[in-house]
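Scroll down for the structure; my scribbles are underneath it.
In order of appearance the chains are A, B and C, and numbering begins at 1 in each one.
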Amino acid sequence: MFDGDLADLLQKIAAQGTLGLINGAFYAMLSMGLAVIFGMLNVINFTHGAQYMMGAFAAWLMLTWLNIPFWAALVLAPVVVGLFGVVIEKLMLKRIYHLDHLYGFLLTFGLALVIQGLFQFQWGSSGAPYPAPITGGTNLGYMYIPTYRGFVVIAALVICLATWYGIERTRLGAYLRAATENPTLVRAFGINVPRLITLTYGLGVGLAALAGVLAAPIYQVSSLMGANLVLIVFAVVVIGGMGSIMGSIVTGFGLGMIEGMTKVLYPPASNTVIFVVMAIVLLVKPAGLFGQTR
Amino acid sequence: MAETLLKVNDLQAWYGESHILHGVDFEIGRGELVTLLGRNGAGKTTTLKAIMGIVTARTGSVEFDGRETVGQPSNAIARQGIAYCPEERGIFASLNVEENLLLPPQVRQGGMSLDEIYRLFPNLAERRRSQGTKLSGGEQQMLAIGRILRTGANLLLLDEPTEGLAPVIVQRIGEVIRTLKSRGFTILLVEQNFHFAATVADRHYVMENGRMVDTVSAAEARASLDKLQAYLGV
Amino acid sequence: MNPQSRSPLALPLAVALAAVALAAPWVVYPVFLMKTLCYALFACSFNLLLGYAGLMSFGHAMFFGMAAYFYGHVVKEWHWPAELGLLAGVLGAAALGLVTGALAIRRQGIYFAMITLAFAQMVYFICVQVPFTHGEDGLQGIPRKPLLFIPTENDTVLYYWVLAIFLFGYFAIYRFIHSPFGQVLKAIRDNEQRAVSLGYEADRYKLLAFVLSAALAGLAGSTEAMVLHFATLTDVSADTSGEVVLMALIGGLGTISGPVVGAFVVVAMRDYLAFIGQLVLVLQGAIFVLIVLAFRKGVVGEIADLWRKMKAKRA
């Protein structure tokens, strides 16, 4: 009887931990995007949550207005929102790079308010459902998982690793890494650094939108979906440090798992456990688990 | 003197609020190696930076290969065929040696291939996968020079390449620079180490307080060390 | 983000303002004025931290809101007098400030802002769940009690009390800035390494400023609960944290009178533009963007600049 309880508990923990990977997938994708943008632009993109929301909305609108299916939206929505990001960077962000970093934070915060407010005004704050492109469930042995959600975890992992590869192993990634360190010198070698910066922001935003499309069938499409998420992602970013891409990925998935397991072990804390972890990390390793002090 | 490759006229430059260059004039001929000498703070590094377009503001004229470049951004200037090797070397820590070497894009035909650069600097070949900043000072300097040889740039701006290096390495760098000169590169060299400069240069310019105050040919320099030493405050 | 210096206009301006402040409740709805004063004090506390310690707290609502809850709880449930209620709010906020500040100060700049934001969110989530706050309903029906034996049922009477509280807070900030502590803080803000090399423990001073700022925000929050008779989740929400930043921005970051102007604008916008509903957020966001791009010095800052330019022309 005792064994049964223990096995039961372990199964629950494993199941919730696995489900936690779903949340973690989004934490990883978004914190990675934030880290890449911060590395190049030295701006904390508060608008990231709103851009994630825009991705989800783009997919939903494409479906309801233009009958464009999920798989096409997965490609189109990030492009559209990414272009929007390029416009923001060229019109506004470019003007404040020479200022204190906090102004970037304030500007992107203001933009987030505007974007969210407009969507909220037009479509309210309750969620609209989005049909999952893959139906049915998969038996993992210790639990059933809706197949689409399993797909999301794997897709997120692939996206994260592809981004990591792109930054750490390609020529363009080398330009990015070098420009993050010494933009003046990289420009003096003939590389159009301002254009590289714009591209980086656009890609980071596109990544957020991509996450939004993936999220639509799981969390429903609502104007506030980004606002709630972005605050948690900030905590993830503080925990992981913004020094490394791999760090963001590991921290994001890891915290998702921890959050899931907390649901079993001590449910009232599941909302706040990530913040508690943040507090602990600040005590023990303020630069973040993978961070270099900036 | 051979045909002019770089012609600088009344170049003024500001770094932040400070007005550093007060009207610099000089010329470099194709294939020449010219040094900028002067005390600390004379404006030598700023001159290189001004040519490269990485100062806060500049006025005047900088003609490269017949084209005015003073209004262009630094990436456009680099693409005309000028390459810059900064005093701090600027090796990227997040890149390994080979990535550092491959970073500056090819701006013209005629750059050295990666293999040729490795032949010129064998230690770099050995350490090609090492993180850039894990190299010794001398190796980093060679990496900084090697980096710009691939681009095809024909005017090289070298800022104090021998600073802080052991005599043996200084000698090696001297050989490299002479080799580069023999291959037709035009070089503008900033140096504190006058003795080193004298072994490689065709001409010397002397700077003081953001202006050119004297020109000395290699022959004159050999004849009268004292004059130059006085300028350098040695 | 440098604080403004005294100008020769200061005294006559102060007198004029005093006259306006004293006469105001006869002209404008007193509850609106009181709300503005509470938020003005709140914004001043935020500005103290930013302008003098160089720390931007994006979670300041946690002090404001928790103090409101503390006040409400002790006055309504425990039947404490209003004066002790205010004290409870201040001390509670200060304690929270001590705990969160000690952790947040470990990072600088943007990280500090993100950490305060995260902690505030944590406090918010806890408030949603904990029975003491009554969750979504909020703590309602806080009775109005006399202050120093003077009955406060009359809104106008209460207004003068709130004005007094605001002035107390304002002058507390003023005295702090001009005290030796304040000078050291300024030195740390301008060049931390230098101050540390001179032997000052920068972190201690920053923490002190943080706790003081939290306490004053707590004073503002308790006063608000006293005036409005309720404390709700909105008071601890990220929206409120964002609003106080907006107030400081509009007024002029680092100016001592800026936050008052900013509070006035934001509260007026909120109240008188309530009919446009959600679009208020859009408006707030647009103002954020506009100020950062074009009017970084804020109302007070730009006016002071203009004044200086005009004086220079005459000279």
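Here, contacts are C-beta pairs under 8 Å (C-beta built on N, C-alpha and C of every residue); 3 or more make two chains touch, one makes a residue touch a chain.
This is a predicted model, so every value here is computed, not measured.
Distance from per-chain Cα centroids to the pooled protein Cα centroid is smallest for A. For this structure, the chains sharing the highest number of C-beta contacts are A-C.
Taking each chain's centre as the mean of its C-alpha atoms, subunit B lies 55 Å from subunit C.
Computed from the mean C-alpha positions, the centre of subunit A lies at a distance of 44 Å from the centre of subunit B.
Centre-to-centre separation between subunit A and subunit C, using Cα means, comes to 32 Å. Contacts with at least two other chains are made by no residue of subunit A.
Per the touch definition, subunit C reaches subunit A in the complex via residues 1, 56, 58, 103-104, 106-107, 109-111, 113-115, 117-119, 121-122, 125-126, 128-129, 238, 242, 245, 249, 277-289, 292-293, 296. Interface residues of subunit A, counted against subunit B in their complex, comprise 171, 174-175, 177-178, 180-182, 184-193.
Within the complex formed with subunit A, the residues of subunit B that make contact are 52-54, 73-75, 77-79, 83-84, 86, 90, 92-95, 99, 102-105, 107, 148, 151. Taken together, the subunit A residues at the contact with subunit C in this complex read 44, 92, 95-96, 99-103, 105-107, 109-118, 120-121, 227, 231-232, 234-235, 237-238, 268, 271-272, 275-276, 278-279, 282-283, 286.
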